[in-house]
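Structure provided below as structure tokens; questions to follow.
For clarity, chains are labelled A, B, C and D in written order, and residue numbers in each chain start from 1.
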């Protein structure tokens, strides 16, 4: 991933040889799916696939902010559950199509508060983020159950489900274009821009790389760290909107997504404990995860085998990245 | 990497070498018994299914007769899914109907066997219980704890999943998993010509009530000459359910979707809807969202049930026991009706939450529907 | 005169990404001798020692012990071969007791369990050699000791091994005069008992005092080797490799020194007492003192990282309260930390990102990363060019650069903000000789440009060569001020408390 | 570069973080007693009830003892839940109701634990994979292999073996004695053996430990072997308690995250090198007490969860807030 070149500094790192292995992985997996199931090559095939992956991809992109800043966010799944079950369906939405326009901002508001609390607890109470967000995860799941009484209390109106469910049809060239895919492109771009094209993104890398050095260089470490948790929580809400739109609500809709998001980022080459990570590669990581499931499904492998494959890929990806870095370093 | 593979190999050897037969979920005798019970007539008042029972066997409970007010303790496996939420509401509302119950102590094991055993220990150590109701998280694991409670002289009522001891006063449960599977499979066989493709969607492997639902249906499809495209586990996740159905649709036609539980039935229906494909036969359960979807889209549906009114029955059994009255036992088998097209409308109530289980037997209570999250 | 060498290193070479740290270095030390290894910061002494102690493996060359070739793959091999090292950066565990640290990894066992009593007795015995039995209790946590005591524990740890060879890497950095004398007496005793001692220092006084032989390295090569201790000037010339006069820039002419930029009156906090200080535009002020004397604490206080709790500070005549580094930077103060790796560098980021970091921190967070109101990417590249940062590309990750180039990139970070006050802490630690000279010139250029420069250094020649004025600190106080004509001896006396300095 | 004490040796200050777990434990006990008295339910103050409380969390306790080793050495183990499941299943399958198979089953399970720990340790030290990822991956692999072969309770333990979970001396269950004996053994290892000392050293500062000649990789691997062994023992206990093992019982008890939580609440620092077994045991008892308090007070299951989450954060914040180290 690091280049060794004598060229002048203008040459960008990302374009140089060592392609991030995750891209190779994704292409290989998609090809394999295509070979096994040619229908995948048609717009409905791959668009359905992208639609399916949109929520996880956006979520992972947000989770990457926290990972790059040197922390973990285990509360994203429960944030999805909370905002979706409680606010989206239970308290407000019950079948009123017009409510969507203010419910989504309200959900984002709650996400903001959750992210702020996570960030404040980690920054000022100095609770390690693993524990802080674990506590938050348990708490939010409890709150979701408490307020909803254990089951969703209402339906999501179609206007709400638009983002995760609706396909725009008769689009030239590709036939159908799911709204979720548009969301993926839009939010993916925003996340990419924030991480890789702004001063903020560079500061985020710096605090994950070496918080002490960042502090002494004048980086507002606490503020940047808190904002990373906020971004993560907000993307969790967005991912929740898409996921809820796709499948409708259930009380455990977000469970397990926290680890999947971290997994996607790690497969995308992000460094746990901070300092390194790429939004496009993380999105590719999410694609790879989903593609693995789809492929194993096609092959007809049993669920347990999928777990084993996922475990091996996870360890393998990190071991490979470590090996590559070490070789570049010595 | 090599080491990891080695680990897998070793683990494989260790587990594989000691391969033992999993519990038997394909029991023809039980299957036949349940098939019969589905259509049998039940004793008890016709409009109160939660008081009905199959057979005539009764248990004498005079030894437990006690003056009120009583403390009734309930060790719950968990309220971790909507069915249990509805059931638990049934139960608390039923408790309110019995002034003799002075204290109702509820401890929640949050879905953990280990914790539920500890909870029962806690109740025995300091709970002052006059009767103990147990909804076991799993059958074998909770048996010692239940035995311990029996040995302490408490009348124990078990419901939903059973235990492998007959020391409880009675075990309250509906007909059972085979029955559920039979109702759904019968409906599919009746509506899909031989040679049709059936997709079986499952929640989780290993849960006894769900395994029996599947094994019965699987055999029936084979007999009827239907092709089972696959048996897929959805983890009760709507999004995943949708993905699975989409993937199968890409590869061919589906004539029917059989489900072992209704939680994700709507997602399966939507997958067809979103692909612009005609909705085939899709079986579900008595959740409001499925019933309404079924009515609105007019596909050929059926909703076998696993009635949540058994939670009421458990309380009633405890009360009767403490009164010293006879209760049906050692098993109190409740009827397990399926909701069919003819009776669909009477179970739909749009004022109820989407995952309300219509077969709750709770409409006659005063606090209905608010206590269940509905509106008048 | 002396036996065959106990240790012998032949033709050792070692490279790191971006630097060739050692080139064909040979070195030997015999039983009963003290062999001084001299060299500037960054000359390669520490790398050589780390090869000797099994931390690094050499790219070429061999290490012989008692004439037998060794292949150390782990520090344990070196320990077992009889080599013990007093590291410059302490290798103590702060949360463990003195006794536990002394016996780290080789706790005495009795019936398979750790014999705590033996550990404590033995610790007391070793500490008694220093005459510090009463000062340091074996059961005290290292974290509760002051820096000098920690240094003593570090020394005691190495000595308690009863090794054939003891390597001492600048063991006196934190010790006062009396403590140094105790150490020298100990060294004499060890030598008499036949231990081979490799003594690393750049203090000529110590070389003269205890060494039998001297080897000088510069830029990773042996430049001189003496079988008897020559005059200090000879050693210094071998270390520096050219005339001192070129090495350090011209001092400031009196006219160049302007009005006070920063003043502190009665400044105190947990580590500082009654600091009265004036830093003037155009002037470089060197801060001398032992480790832990409060120099770094003062720098941190000015920079807002560990603020003063009492006293006043003014900047350009206005009273300021700087509670965080951000406050300080906003007010125009910059700082280059001494421990670059821990406190300055973001190693996984590019050279350019390291340079831009502070400018970005004060620009709009969502602004473009390539330029902001302080500096654009071209401006930063220009600065890096001007600093002669050697990197294949400024997109290169920082971790691949040599210490000198890293330091230059950090200097560029501050230059981009044009600070009024720039604090350098140990500016040349771990930096090659050429870069050192350029850092000194840069400090001078900054001062000429009107900035006030504060330099904290443990290297007395550097203090004397690069400063216009010298402040000596001890125990959190300023104990003396000197002009650049002072001698090393005068500074040492003031720093160790034997005599008060005369105000310049 | 650290500064600058003014006296030769600082007066030994009160080390708050070393006593925090005791303070928390006392606070939990006090709350429990106050609550019980306030609710007039003094029957909860009997010896029987004390034993019931202590006996609540044997599985968690045994697992947490192992987890303490992993965290002390600055690692972490997310695979314990899967190991528990695997161990329980192997126990009950190998025994399959035969008393004569008890010993082979235990040996098989212990070797399983040792192998898993060894692989975890090797992946972490030799492949240099972050411990969270390494053990998460391991967890998925074990879970996958296990569920491939079994999807329900499998096998059964003989009645003789249930004595482990259900037998008692007087009113004190064997399992409780066993847990405290194991804790005592762990304490002994950490306090009195060179290996224990090495664990603190490697966790405290891996570089310093290496310079002192400690083979750091071996220590990390050793800690992981102990951690997995403890998880395996917890699985054996659980099989005895549940009469059988199923592939989900570890995940169902959330023993991975809970064991980490109790270790941290017990004052062991996630960064390694500081803490100890008795803190962990205090953490375990605090968790049991919380459960009991909730049961006594009749707290709704959902509210219970909310409170538990807040308590975890608050307990850790209780002493972490004072630390000067940056965390992330």
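Following the convention adopted for this analysis, a residue touches a chain if its C-beta (ideal position, glycine included) is under 8 Å from a C-beta of that chain, and two chains touch if they have at least 3 such contacts.
Every value quoted in this text rests on a predicted model; they were computed, and no experiment measured them.
*Asks:* Return the chains shared as contacts by subunit C and subunit D, ordered by label.
*Replies:* Touching subunit C as well as subunit D, we find A.
*Asks:* Name whichever of A-C and B-D has more C-beta pairs touching across its two chains.
*Replies:* Answer by contact count: B-D.
*Asks:* Measuring between Cα centroids, which chain is at the maximum distance from subunit A?
*Replies:* Here the answer is chain C, farthest from subunit A.
*Asks:* If you average the Cα atoms of subunit B and of subunit C to get two centres, how far apart are those centres in Å?
*Replies:* Here the centre of subunit C sits 72 Å away from the centre of subunit B.
*Asks:* Nearest whole angstrom, what separates the Cα centre of subunit B from the Cα centre of subunit D?
*Replies:* The mean C-alpha positions of subunit B and subunit D differ by 34 Å.
*Asks:* Go ahead and note the Å separation of the Cα centroids belonging to subunit A and subunit C.
*Replies:* Those two chain centres are 44 Å apart.
*Asks:* Cα centroid separation between subunit A and subunit D, in whole Å?
*Replies:* The computed centroid separation for subunit A versus subunit D comes out at 31 Å.
*Asks:* Multi-chain contacts in subunit D: which residues touch at least two other chains?
*Replies:* 123, 137-138, 141, 145-147, 301-302, 304-305
*Asks:* Would you please write down the residue numbers of subunit B that are in contact with two or more other chains?
*Replies:* As it turns out, subunit B has residues touching two or more other chains at 4, 8, 79, 205.
*Asks:* Could you say which residues in subunit A touch two or more other chains, in rising order?
*Replies:* In subunit A, 145, 150, 212, 215, 303, 308, 312, 315, 319 touch at least two other chains.
*Asks:* Which pairs of chains touch each other?
*Replies:* The complete list of chain pairs in contact reads A-B, A-C, A-D, B-D, C-D.
*Asks:* So in the complex, the part of subunit D that touches subunit A is made up of which residues?
*Replies:* 123, 127-130, 132-134, 136-141, 143-148, 257, 260-261, 264, 270, 300-313, 316-317, 320-323, 325-328
*Asks:* Can you name the residues of subunit A that touch subunit C in the complex?
*Replies:* 2-9, 11-13, 194, 196-203, 205-206, 209-210, 212-220, 271, 275-276, 329-330
*Asks:* Mind pulling up the subunit A residues that touch subunit D in the complex?
*Replies:* On the subunit A side, the touching residues are 69-72, 121-122, 124-132, 134-143, 145-146, 150, 207-208, 211-212, 215, 221, 225, 259, 263, 266, 272-274, 302-312, 314-315, 318-319, 322-323, 326.
*Asks:* Residues of subunit A touching subunit B in their complex?
*Replies:* The touching residues are 37, 39-40, 44-45, 48, 52, 55, 89, 145, 149-155, 165, 167, 243, 246-253, 294, 297-298, 300, 303, 308, 312, 315-316, 319.
*Asks:* For subunit D, which residues count as touching subunit C in their complex?
*Replies:* Residues 1-10, 12-13, 188, 191-194, 196-198, 200-201, 204-205, 207-215, 273-274 of subunit D touch subunit C in their complex.
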